[in-house]
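Down below are the structures I want you to see.
Next come two complexes, and both contain chain A; in the first it sits with chain B, in the second with chain C.
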Partner chain A sequence: MTTRARDEYTHPGVRRKRLAPAYVPYLFLLPALALLVWFRYTPAFSAVYHSFTDWNGSPGANFVGLEQYRALLQDDIFLQSLRNIFIYTLARTVLSTVMALLGAELIYNLRSFRAGAFWRMVFTVPLVIPATVIFLVWQRIYAGRLGLLNEVLEAVGLSGWVQPWIGQTDTALLALIMIGFPLVTGVAFLVLLAALQNLPSSIGEAALLDGCSGLRRVFAIDLPSIRGPLALVVILGVNAGLQEFAPMLIVTGGGGPINATQSPGLYLYQQAITYGKYGYATAIGTVLMLLTLAFSWFILRSRYRGAHDVAV
Partner chain B sequence: MSLSRPVSDKVAVRRSRRSRVWRQDAPLNLALLALALLTYIPFGFVVINSFKDARQFFTQFWLPAFPLHVENYVKAWPIISKSILNSAVYSLPTVILVMLLSSLAGYAFARYRFWGREFLFLAMLILIMLPGILLVIPMFVQVVDLGWVNTPQAIVLPWAAVQIPFSVYLMRTFFETLPTEYFEAARLDGANDLQLFLRVAVPLALPALSTVGILTLLFTWNDIIWPLIVIFERDLQPISIGVLSFSGSFSTDYGTSFAGYVLASLPLIILFSFAARRFMAGLQGGLG
Partner chain C sequence: MLIRSRTALFVSIITLWLGSTALAQEALSGELSVYLNAYYDPANAPETAELMRQIAAEYEALHPDVTIKLVDSLPATQDLETFLAARMAAGQSPDIMWQQFSTRNLRGSSWWVPLNPYFDRPNPYIAEGTPGHEKWSDSLPGFVLAQTRAADGNWYQASLDWVETGLFYNKTMLDEAGIDPESWTSWGDFVGDMQSLRETTGVDPLGMFMKQQGWSNWWWADDIFLTVAWADQAESFYMGKYNDAERPWRQLAAEEIAKAILDEKLVATDARMDDYLRMSKEFVSLFPIDYAGIPSADELDPLFFGEQVATVWTGTWKSKLYANSVPFEYGVTYLPPITAADTPHAQGTAYRVGGPSSAGQYGIAQSAAENGKLDLAVDFLMFLSAPQNFGRLAASYAGFIPMVAGAETGEVMGGFQEIAELPERLFTDPDGRLTLEAGDAWSQAMQAYFLGEADEEATKTRLQEIWLSGANDLCQQQGYEWCPN
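Showing the complex of A and B:
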């Protein structure tokens, strides 16, 4: 009896006709696929298609070839937004990954289990605060008058550093990058901590016996062992960073002084919603998509080159 | 007497081990404390100042000032309560829909072999890499054509579609870890495919399902762009947009704005404190 049942699993073709008709898995998939076709695949193809047209929302768009892309290359605001988003994504991804890793490593190295659970809780709670609230709070922190940061600087005698952080071109982008500092809280922290805590303890013990401990263990053993989750965190960070739009809109009020914090995501939104230039906006979106796919591919490729690896 | 000695020895040993653990952990705990302080100071600042009127905010920036102005909360409540209710109306169906559809699809990918399985799975995964903002314009036109502007379904269905690919990935990974013996046993007892899914797979998948549910809840609670585009009516805005109204009408009434931020954060904080353990387990259960 058991052998037959096992055969059925390992050679599903043999008895599937009697136990599970071939259409059953498709029935399970159907609702999810239908929703994805409706609200993901169709809009995606439509967006890419319309980036080659002069669509303005009304039906009947004229095919204009690469005209929108040519216009994009000559649009200084778009080029500025690309420069901004590269800086933002790079700095933000590096900073938040490093800080999440720092928090996770500190907790992972604790000997007391209860202290570990406590700190994990402490850094998870802020995750439930709405993003808009975080943005508005940080807007208050950076405010030129009665802003928390400037008041701290005054209090510690650094009044020379007091400045309107989000109101001037040379600090506005930096201010957006630092929102939420120290940036331990986040899904990245939870993913990395879970990955570290799932490592077999024998590895750490063996390393300790070989005289490898502290920082050296972190770089020689921990980091290579969690390459998979680390790649996942970086990919998700880059994806989110490249299409970032909300902090530019809310904290620096729509692109900042002289477009200092303009981002392609926000520019797309403004072109489409404010000016009704849908064709132009979808061209911006298509450029963003190509950038995201290229980055993801690049990271995944470098990840699979490694010999010792852990699945994501 | 002879019995009590070893016991007290054991206590002493445990105590000394505990103090050694404490001493070795001290620098790590200090570093974590510093990070926690930096994380929480802005929130403490908001809570303290939510009880001040404008004059107190100008003159007494750092410390709590008396009398406490509780009426800030009374003023903020009507605006915030409406958007909390709206958020619940949009988020709850989304969470249920994503849990249902992604467990069905994840189950199919994990437990069946069928033509096109890996292709369909990859086609779904690539959606994770797709920037959502690219799809916003065609989706907006779709919603307008359907006459769905200002309706819950205009938010719920696209939100569910955003969350499904990653959720299917999590569910498939989880279902693949379940021992096949469970399913074979139930099959021999005469269970059909739907019963296998509902009676065997779903009850075992509760940890992964709660991860999917919590991640979806957090996403829907935080998303700004989609409600901004399809909900024009102010009274129908979810919390992520509703809280923005404070930066307009109360821009100099800092106390009321801060009270609004606190109120806007409360629902999920309350939910978290009631179900902290399940929440933590859920967040990490499927991510490990």
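Showing the complex of A and C:
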């Protein structure tokens, strides 16, 4: 078949009138592509380049090879920040995915449409609250004196449990992990609920006829059927977790105490903005980018391994 | 004839000079953006902000081609350094900008214009006969200029006001516990009273907090305890170039600290640091339980107002708020003298924690110079610093002590007169001692010590590492002639 023939016929026997030359769609994509390259790819490549220099934010920088990476490997605070962020990401991703799935299943199984719509709204409205406000509210909840959590503990006779939640190394990271509890709200909940609602009703009915209990259906039918959206939720969770720095900056005042809540993202920010060590900061950023890519790749690989819903 | 010609020539030159001066004044034009911290904070100090708008309008009336754009003070929750770093990188900083002097001096000429040549010029806005009219820097006290000079010898800011700190205390609570601050004659008295206050009332004695990065009011205590430990060695740390005959006792410059460390005169593993650590730990034991989790000094106010803490160590900038908001009788006192009975190196005095860390510290961004606004920025800064202008602002805000000659101090000093007469600290806050990074590392090492994650020996070793690394970094940045290769 000639090129002309391929342009004019998408299917044998079906003639399609050519509306515009083939390159026209690419012209429409060009502005978006240019913005993407300029604002996303260029800074990323620039960061990788600058990680091999001693750039201090001013024009001009000396090439120092792998010196910044060597320093990173010997930097105890950076290594601690990696440990912290792995714990934080794992715990937050597992908790938020499980809780979102739980919320989505409960609403999916509601028989009343009105009740479903009401609870869906209840779980999604908090999405519009700015994250900074949420962090400031939780900072108040965790405050040692006049903090809501300690006040409640005292009110129910658990004075022995009163603690400086974000003022000691034992509990500070846990306190950050639990911000937003019960963690049902958010994009994860919406994605999983939409995935469940898109499942053909015939599958559920067949399972019911076969005597499959609700819980067994969740594990035997729902979960395998929504592997794609689940993988997306986990990837988003891992990406957000690994790059997290706002709660460490706002709630625990810069990753404290004694770097118990330090994260690579916050450490990067401090090195660049506070100390003017942009070369070092870009090395941290490059490591973070590679970690995020690696985790995303592994999650995607595991999602497609043995999957029934896509052809690999 | 010759005489007449010479006279004519002289008159012509004078006329030309006056004309060119007038022309230079008239030639000022353009828009100048100005960030004045608390002196232009419409959200929190609307009356002062309105006054500042009026002062800017007066300047615009003198220079019709000039527009003064006042930039709102950032809210306390926003990081000013981030705000500034991003704008400096883009060359879009406000032309006249506030920054804490210690941080500003570390940024140096990469961000800020050295003001040395302008300080020597006359300030036409200061009345004849008033210091500063003939030489701008004469309007500022010598000790202010000395303390705000950068390690490279330049002045990057005009410091127009000053802050003092004191211990605001709940008079009712202390009376009920039988404590009279006037009776404190030593550190031991103070600690004993504060401990008994906690036992009798269950209230935390001291409203203080400690962050692992950036300023917290614990830094002030650290300055004092370090000063007490090394006060008797001050003479050997001083470098001639910083000496001032009028101030035989003065605060150390960063260069002097670095040199003392590298000369092994100032050593953190020295036995005298044992007392520093002991006193620091005693002091921290009087803080609220979550002192390491309190995010800012403003969070101490509700604790004090709600009688959750008996005292708060804060500064003159809170005077107005406290006068209007504290629901009980309160007073202002200070830490007692630290005597030889408390620690063998003590000199029997307290040290005041005050200084130029106030709202009236203004520098001119390099981007203003690059955009051809330097003359305008200098002129407006001179106008603002004139006592008839800055004095009004300071009186309206009533949170800082104006340092400009001819400006009235006002009510803000109530309760602080005696404190202001104490000798100054030998050591400034950790971030200004060597480098910002060394300052934060110091906070983290001390936090580890207070929270029981490091013992005394490990802490001293770590502090010495921080000092050595900070001194070497400062040497590398500034290239002092005495630095080791």
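Heads up, the rule we're going with is that the second predicted complex is superposed on the first by the 289 of 312 C-alpha atoms of A that agree within 3 Å, B and C clash if a C-alpha of one lies under 4 Å from a C-alpha of the other, contacts with A are read in each partner's own complex, and residues count from 1 in each chain.
Everything that follows uses one rule, which is that a residue touches a chain if its C-beta (ideal position, glycine included) is under 8 Å from a C-beta of that chain, and two chains touch if they have at least 3 such contacts.
If you're wondering where the values come from, they're calculated on a predicted model, not measured in any experiment.
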{"item": "Touching partner for A:L136 - first (chain B), second (chain C), both, neither", "value": "both"}
{"item": "Chain B versus chain C as contact partner of A:L148, first or second or both or neither", "value": "first"}
{"item": "Superposition-derived comparison: chain B or chain C, residues of chain A touched", "value": "B"}
{"item": "Chain B versus chain C as contact partner of A:V128, first or second or both or neither", "value": "first"}
{"item": "Partner chain(s) touched by A:P182 [first = chain B, second = chain C, both, neither]", "value": "first"}
{"item": "First, second, both or neither for A:S201, with chain B first and chain C second", "value": "neither"}
{"item": "First, second, both or neither for A:T274, with chain B first and chain C second", "value": "second"}
{"item": "Chain B versus chain C as contact partner of A:G57, first or second or both or neither", "value": "both"}
{"item": "Those residues of chain A which chain B touches in one complex and chain C touches in the other", "value": "57, 132, 136, 139, 146, 250, 269, 272-273"}
{"item": "List of chain A residues in touch with chain C within their complex", "value": "57-58, 132, 136, 139, 142-147, 164-169, 172, 250-259, 269-270, 272-276"}
{"item": "Footprint of chain B on chain A - complex, ascending", "value": "1-2, 5-6, 8-9, 12, 19-20, 22, 24-26, 28-29, 31-33, 35-36, 38-44, 46-47, 50, 57, 102-103, 106-107, 109-112, 115, 119-133, 136-141, 146, 148, 151, 155, 181-182, 184-185, 187, 190-191, 193-195, 197-198, 235, 239, 242-243, 245-246, 249-250, 265, 268-269, 272-273, 278, 281-282, 285-286, 288-289, 292-293, 296"}
{"item": "Interfacial residue positions of chain B with respect to chain A in the complex", "value": "21-22, 24-25, 28-29, 31-32, 35-36, 38-40, 42-43, 45-46, 57-58, 61-62, 100-102, 104-105, 107-109, 112-114, 117, 120, 124, 127-142, 157-158, 160-162, 164-165, 168, 180, 184, 187-188, 193, 197, 215, 218, 221-222, 224-225, 229, 239-241, 243-244, 246-247, 254, 257, 261, 264-265, 268-269, 271-272, 276, 279-280, 283-284, 287-288"}
{"item": "Chain C residues touching chain A - in the complex, by the definition given at the top", "value": "77, 79, 81-82, 85, 89, 110, 204, 211-214, 288-296, 299, 302-303, 306, 308-309, 435-437, 440, 444, 447-448, 451, 453"}
